[in-house]
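Step one of this worksheet: look at the structure below.
Labels A, B, C and D are assigned to the chains in the order they are written; within every chain, residues are numbered from 1.
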Amino acid sequence: MGNLKRYTWFFETTTPVEGHMHAVLRTIHAEETKFQQMEIMETASYGKCLILDGRIQSSESDEFIYHEGLVHPGMLCHPKPERAMVIGGGEGATLREILRYRTVRRALMVDIDDAVVEWCRRLLPEMHRGAFDDPRTELRHEDARAYLEQTDERFDLIVIDLTEPLEEGPACLLFTKEFYELIRDRLTPQGVMTMQAGMTKVNELDFFSAVNRTLTEVFPVVAPFQNFVSAFGTPWGFILASKGEDPRTLAPEEVDRRIRERVTGELLYWDSQTHRHAFSLPRFIRRALERQDRVITDEHPLSIH
Amino acid sequence: MGNLKRYTWFFETTTPVEGHMHAVLRTIHAEETKFQQMEIMETASYGKCLILDGRIQSSESDEFIYHEGLVHPGMLCHPKPERAMVIGGGEGATLREILRYRTVRRALMVDIDDAVVEWCRRLLPEMHRGAFDDPRTELRHEDARAYLEQTDERFDLIVIDLTEPLEEGPACLLFTKEFYELIRDRLTPQGVMTMQAGMTKVNELDFFSAVNRTLTEVFPVVAPFQNFVSAFGTPWGFILASKGEDPRTLAPEEVDRRIRERVTGELLYWDSQTHRHAFSLPRFIRRALERQDRVITDEHPLSIH
Amino acid sequence: MGNLKRYTWFFETTTPVEGHMHAVLRTIHAEETKFQQMEIMETASYGKCLILDGRIQSSESDEFIYHEGLVHPGMLCHPKPERAMVIGGGEGATLREILRYRTVRRALMVDIDDAVVEWCRRLLPEMHRGAFDDPRTELRHEDARAYLEQTDERFDLIVIDLTEPLEEGPACLLFTKEFYELIRDRLTPQGVMTMQAGMTKVNELDFFSAVNRTLTEVFPVVAPFQNFVSAFGTPWGFILASKGEDPRTLAPEEVDRRIRERVTGELLYWDSQTHRHAFSLPRFIRRALERQDRVITDEHPLSIH
Amino acid sequence: MGNLKRYTWFFETTTPVEGHMHAVLRTIHAEETKFQQMEIMETASYGKCLILDGRIQSSESDEFIYHEGLVHPGMLCHPKPERAMVIGGGEGATLREILRYRTVRRALMVDIDDAVVEWCRRLLPEMHRGAFDDPRTELRHEDARAYLEQTDERFDLIVIDLTEPLEEGPACLLFTKEFYELIRDRLTPQGVMTMQAGMTKVNELDFFSAVNRTLTEVFPVVAPFQNFVSAFGTPWGFILASKGEDPRTLAPEEVDRRIRERVTGELLYWDSQTHRHAFSLPRFIRRALERQDRVITDEHPLSIH
């Protein structure tokens, strides 16, 4: 596009007093679904982006950081992951990373918003890369908590790929002790859960630390970590909770060996050194985690501004 | 300030198509100095900020990340740092972190812009905390390269705390092979240099990787690392170059032991785990570093957009 | 300031989906008074500006349009204005224009917000130009409606220089039929009232037309008019209501003759041709006025978004 | 759309230190044509908008102000307009207003940018309303000055509907004394020209006044006027230049009579009172016009920032 000037900008307010802005080339699709406001835009900074309720979920340029960083720590921490479930995960890229594992025989994705999934499937092939058409995939559009309550199935990995809850809406019930207990009970004995868990910016650690604290009530191993997804404009928190192995005790050679043996294709983001980077948290973040005593429950859920 | 709405915003364009914005409470001081445009603002997001040529240099809320992350890796990597030099470093916080070392007997700061230093000294006491008045401090306002060329002094640590050069201005000559050779020659045999080296955002690694490549021509040990300074809205690259020890081979216990023995007061950001976090670079960054073959010279300097 | 780039901008949202933005040189003063949020800024576009609750009230560069356009139509429409009252009018420039009339013997200004008036007096001498020190001036800080209810005084001109009411706050009661009846009763037999009455932008004529409709219930002559104040980014509505003369029947020569005879100094904005410009409303505005049947009362007040 | 929040905004900088912003619902089309950057957007504030080189040309909500205000003063000022020419006029709405006159037998539109015209024709039917399909219309895509130089045709009305020239590009030659002489020579003896002539904001009158001054060198009657097009965020200057009648001497009844007799359908903006409003210029604008002595020539053309 040469030296064209940009006139249209997308503003994402990360907090009420701070924001991040992107020059927009075009709005590809915009729609208010039954559950949220969705926009698919092409930005000059990061290519195509999926935006839900005004927050960038993923971008063509750096979704590899987010999705590799969300999926692989969990998959690598299980002895032989065969059955995986994704809660949320609209664009299909979380599914895509799971399907790269040779051991995987079944990948179930439950995302309540069929409109988001359908538009991503049609307009963001760069992200799902055919994951929805893999014979191992099952896609359902319903409430994940209700689904989990009634199923008899057990999973080796469950990935929670949801936006943080705004105000006290229904999504709040997917970030509580009771929900995490349900997750734990639907995991196999060595089962692992991973999730995105809000920003880890200085002074904005309440959400991340409360989710972490809540998980320690439920799982024997809780390993918080960070990935920096450039398009978000802030470092991002993730948490791995495990009934078996602790990822922080994996030797670097073992991380690289498991990637080599289990994963098809090449990873761009995750390897043993990224593993060490992500699971080593700066001192002020560890302190905020230690000090947090808030446990999130169905009765006292948590939302972000 | 309660639920006051904000009407005034500061925009920082990190690239021509991306930016970061902060709600402004007030402009404390604004001035065009002989060298640059300076603003000292109070933001709602990060408290008082120093802004040079439209780019946030440091904020009250998270300058501890930037300044601890810039100084301590170098100081901890030297057997007994006694003489230190800061090039640039306007707010005095880099100086402040150096002066926390009991072994330090002399700290020279050479910042060409006396107006910036004077206003920071007057208006940002939270940042320098008296560092300019420490008897070990010497403050000079002149061109650092010219100064180094004529001095006989040798330093254990030199910290380059400069903004990246805009276009092909004079600051370009502080980011070249020839300048780094001068630095190396003014270091003691075990001497260490640290510097900030531009953003490490995906697709924006040219500056960081070229400086890193250039340093490998000059120093036996070059250790690139990252710190995430929230107010910058992007992860930030730093480089340590050493004539002696390699920080990446320091055992965690040794990092913590040296901090305990050498530093007065408590660090908020740096410790052994932060050390590991910072020096473990994600795969795509390491690759960009490996692929870079550009060496920056006086004849072919580099600038950012 | 040459070709300095600007990094700080003031945003005024004229509606929730439209706004106007100004490059800011510096915030001179910002304060939350008992009644409103006040900011005095120096903008690159219009010099010093007074901003209340995020809306520009007046700017150094074009306040002559607003204040001449608010005061002179009323003063010129009275046979011999001697006693004038300003309701609101913080910066003192409305007062200043009134005091230019040789016939004026008394000018009372009642502005409830003493903090706004004091800061304007100190920091905006370009606007009041000594009006507060004129021996004919009396300045009071109290509720204008309560004051008018108890006074025995009668005025030849009353100027209402208030911001439009936000939500259903107390200012709503200064834009109702009952308040306008009180104004009418405190005017001398040939008395005139003028006021600013909100924007006259296409599709945003509800406030202007409802105030106009309400005044027709109270005054025999109601003459709506417009001035374009550049810094507002939209044409602005004003209304003159009279117990005597109708300004629209004044011959151009008579307008110019009265200015010549009555006013000291030279007017920059108002004269016979501006008079004709302002009182001749475009067809779509006249239609919106004709169609409006809303009468604003104490019981059913009106506010803007 | 209810209370959806807006995340995407279009920024138009009216000067380097001032701007106007609109919430964007969607970008309908964006393209860099051979001549300019074009965007067709749907804004929340004004519906569909045509944007060229970052400047709003017209909006669904208030294009009636711009196009009626550009065409009717000229058409009403000619005894019997039969042949009209539009220079520029991409959206087809200028053509549309001309074709409302029963006397018009031929309407030639010469707009160099066929891509803009084609996209407007397809995507903005609300604006052209079939004007391109009227049998009286001829549409050509070529340089208007070159076309006029070689044609033998004479026109009763020529409307120049161009954006102001940016820097010293080719459009500069459509705003010079030599070009206006060519226009004059291609007009019939009572012929009239109208044009848009830049903003009339305080302190930004250089372009408007220089074009006006230049026209006085060429035409016996030059009548500058103003229309406020809300979406532009500033009052806008227009100029009528005539070889016959002076619009300012038309009696109001005559304006309304001619509209009644000549125009099909109903005008929303223009009538006798709007005529008086538009041609009565505020004092500070008349002064700026009087003081201007710059004549724009091919050798010394003019551009805006």
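Worth a mention:
Quick note on the criterion: a residue touches a chain if its C-beta (ideal position, glycine included) is under 8 Å from a C-beta of that chain, and two chains touch if they have at least 3 such contacts.
Computed from a predicted model, the values in this text were never measured in an experiment.
The chains that touch subunit A as well as subunit B do not exist here; no chain meets both. Between subunit B and subunit D, the least number of touch steps comes to 2. Note: centroid distance subunit A to subunit D, computed from Cα atoms, is 53 Å. Here the CA centre of subunit A is 55 Å from the CA centre of subunit C.
Averaged C-alpha coordinates put the centre of subunit C at 33 Å from the centre of subunit D. Shown for subunit D are the residues that touch two or more other chains, namely 9, 11. Contacting chain pairs (ordered by label): A-B, A-D, B-C, C-D. Interface residues of subunit B facing subunit A in the complex, by the touch rule stated above, are 6, 9, 11, 15-23, 43-46, 61-62, 64-65, 201-204, 228, 230, 233-235, 267-271, 273-274, 276-277, 280-284, 286. Those residues of subunit C lying in contact with subunit B across their complex are 1, 4-5, 7-12, 24-27, 30, 32, 37, 39, 41, 51, 54.
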